[in-house]
Amino acid sequence: MGKVKNPFLVVNPKSYLYGKKILQLAESTDKIAEKSRLQIFFTCPFTDIRYIREHTHFIIVTAQHMEYLKPGRGMGHILPESLQEAGAGAVFLNHAENPLTVSQLSKTIIRAKKLGLITIVCADSLLEATAIAEFKPDILLCEPTDLIGTGQVADDSYILKTTEQIKSINPDIAVMIASGITTAEDVYNVIKLGADGTGGTSGILKAPDPVRRVQEMAEAVLQAQRDRKNVTGRQ
Amino acid sequence: MGKVKNPFLVVNPKSYLYGKKILQLAESTDKIAEKSRLQIFFTCPFTDIRYIREHTHFIIVTAQHMEYLKPGRGMGHILPESLQEAGAGAVFLNHAENPLTVSQLSKTIIRAKKLGLITIVCADSLLEATAIAEFKPDILLCEPTDLIGTGQVADDSYILKTTEQIKSINPDIAVMIASGITTAEDVYNVIKLGADGTGGTSGILKAPDPVRRVQEMAEAVLQAQRDRKNVTGRQ
Amino acid sequence: MGKVKNPFLVVNPKSYLYGKKILQLAESTDKIAEKSRLQIFFTCPFTDIRYIREHTHFIIVTAQHMEYLKPGRGMGHILPESLQEAGAGAVFLNHAENPLTVSQLSKTIIRAKKLGLITIVCADSLLEATAIAEFKPDILLCEPTDLIGTGQVADDSYILKTTEQIKSINPDIAVMIASGITTAEDVYNVIKLGADGTGGTSGILKAPDPVRRVQEMAEAVLQAQRDRKNVTGRQ
Amino acid sequence: MGKVKNPFLVVNPKSYLYGKKILQLAESTDKIAEKSRLQIFFTCPFTDIRYIREHTHFIIVTAQHMEYLKPGRGMGHILPESLQEAGAGAVFLNHAENPLTVSQLSKTIIRAKKLGLITIVCADSLLEATAIAEFKPDILLCEPTDLIGTGQVADDSYILKTTEQIKSINPDIAVMIASGITTAEDVYNVIKLGADGTGGTSGILKAPDPVRRVQEMAEAVLQAQRDRKNVTGRQ
């Protein structure tokens, strides 16, 4: 699984936060990552990658999208090298709000690997995840579009089936389950059931105290990990 | 023409440069802007807007694209507020390498105006420029796609006709002509013929000494301005 | 206004109907067009253009979209010549469900004019309509996206303002108002207020008897025309 | 392999031909299909599907693209049901000139299967083909974009490797190789090397006598099949 640790947490503010406000959340999340030693991916607008990188030390600053162009033309496009030099360590690809063609996705993952960027690739169904697994992303996020932003969690059998099936194709791909994760309980449940990682957007940003919510989620991930070990001996 | 001065110069490295290398060119351009007092727009990848803003004082840091979404969802999309807070003072829209639908363009220009971002909007023909003029961009760049990157300059009659026609629709819109501008002579000619501004990408980046090319272009703009005044008294 | 008559009616089944079922509605509409002598545009899937053309004589078979490519490559794209030879006499462009970039729209309207296809071009706001008017479409359909499919009609002042403003830019462009037109009363009102044409999708297809609804709408258009003449003498 | 026979030939006029001219080629191809008993897929613009279906009996009329929408809204989009009722028996998907997102491709193949349409799905590399194979298309066309329209044929080792690898993933998927196929010799070679099918666009349309070229290609396919059997006993 390379640089991806099991378990991990993704804090994904999408386009809700930017500038000073996202920096505040990033700094708080950085302290949580430091204390808990949990691997936390933190996404931000492209404009804030360097800003957050310069003020944090433990979180992996994560771009929300990228293209496969090389340095040259490409007015307004998202150049991988520009993300990397700014300090991004990972990148989301093929999110339902920013989908890629089969060919773009294949080529962009190849570019990310060459630059050493961790890829978090979204799939809209288990069938799509199976296809995308052929591209060997670092993390595969299986997230039925219908559930995004609804606060509705994928049910246990879905989580179990998804995790097992992707692991059976390629055990080196980390499985992330994040559909409708809102509370620390949701986080605990998903990790306990076998997902390598999870994360949230509105569950965090709409919480009364977003930093506290991140703190609780980090603890829930680690508690689920301990409980998994106790039962199965699984790492 | 609001915050846009006549004449102006646009240094547009597209995706050729990023990180430290674009910062170097930005800092050199900033000195040229300071000494010459010429208004210079300098475009950069989204990741480098704040980086360049923090190290320069005279150039207008310019985003290469933007969308009209508001803070919220929009994974990987280009939020206007994120550009502005990072320090962008202007934004290119509808470039041939990143075209917008009629509706997107209309809505994005409205968003830019509300945020106080100068809009540099591209048109692929004089007819398209005439339509786009209705959206009242600050700067209208009329650039037949066929000429982009060819090093072939639009001919004099095209420049005269384009400038006059756009001015006749709305004298408050600055006219930029940049097709195939390579040398300082090209720059001089275009401004002398009446364009409010011009700029370049490969003409600058592929020059033996890019900073010197920017310097020469800046001087050519100002010389053309002086020569225009001498002849016509026109500002 | 060329081949466009004032008033006119547009029957637009979008992708609700195809094959035999759309042919039935087309044949019934053709009889209504014959008896009423009203100009009726009838849209259909690309596959059904020739089918409907071969079985009707009075309606103008109308494509729902088109691109500006020329014969050659373009796998799966919508070639203007293929629509024309199949029997299309008109084409919708820039519908909110199929928007075009500024450049595509400009070039596609030029292609349509050369082939003699009537263009019905959609705009999402009055501002966008003003810009699109520069491309001289035959019919301009001003339809705020928010209202599409809601059954909510644009209010009277919107209809009056839109019609007047587009006429003031170019009196040769026919103005179509169709937002949320459901009943014959809606149709009457819009034409009475000065629109050159109107039309509907769900208002027709979800009516208890779609053919009868088309019949009523056709009568309402003609009655509104007569009442307009009586009041204003306007043609 | 269901309704797909081994070997098969694809005649793909893209947007070069339409109306009467494509009908002529289709009718000639139909006679070739009848006499040779070879399975021939014949693509055409959407407007000509029914036209060709009504005048031919042996070729499989093939749409060049389709979307996954269901009957309803979808102005100008390509409704699967409309293709099927018009007489299409197969559909190309994800062609390099009309690429689909991962999610669109997955969903559109599912729609095609439900309607009984044979899917011919394009991949831009062997890696992409491997991923797409998970969606179980009927025919997988592996065609590096760089070679399309160049008249340059993929080399023998590429053909062998591609065919074997896709067969090893799923022996039920027919493998089509078509990069730069121009002559009957190219066709013979590809089928002899193990591809299930091949086809062409410019190789046919730019031939001095396109019908004769189709005839020669059909013979080459069958001859290669016989020679394959003689050597390997393979069907």
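Residue numbering begins at 1 within each chain, and the chains themselves are lettered A, B, C and D in the order written.
Note that a contact is a pair of C-beta atoms (placed from the backbone, for glycine too) under 8 Å apart; a residue touches a chain by one contact, two chains touch by 3 or more.
Note that the coordinates shown come from a computational prediction; the quantities given were computed from them, not determined experimentally.
Counting steps between touching chains, the shortest path from chain A to chain C takes 2. Considering every other chain in turn, none proves to be in contact with both chain A and chain B. Simply put, chain B must spin 180° to overlay its Cα atoms on chain D, rounded in steps of 5. Should one ask which of C-D and A-D has more C-beta pairs in contact, the pair is C-D.
For the pair chain B and chain D, the distance between C-alpha centroids works out to 46 Å. Averaging C-alpha coordinates per chain places the centre of chain A 39 Å away from that of chain D. Each chain gets one centre point, the mean of its Cα atoms, and the points for chain C and chain D are 36 Å apart. In chain D, the residues touching two or more other chains are 96.
Chain pairs that touch one another, listed by label: A-B, A-D, B-C, C-D. On the chain C side of its complex with chain D, the touching residues are 12, 14-20, 45-51, 63-66, 69, 71-79, 81-83, 85-86, 92, 95-98, 149, 201. Considering their complex, residues 94, 96, 99-106, 123-125, 127-128, 130-132, 134-135, 145 of chain B touch chain C.
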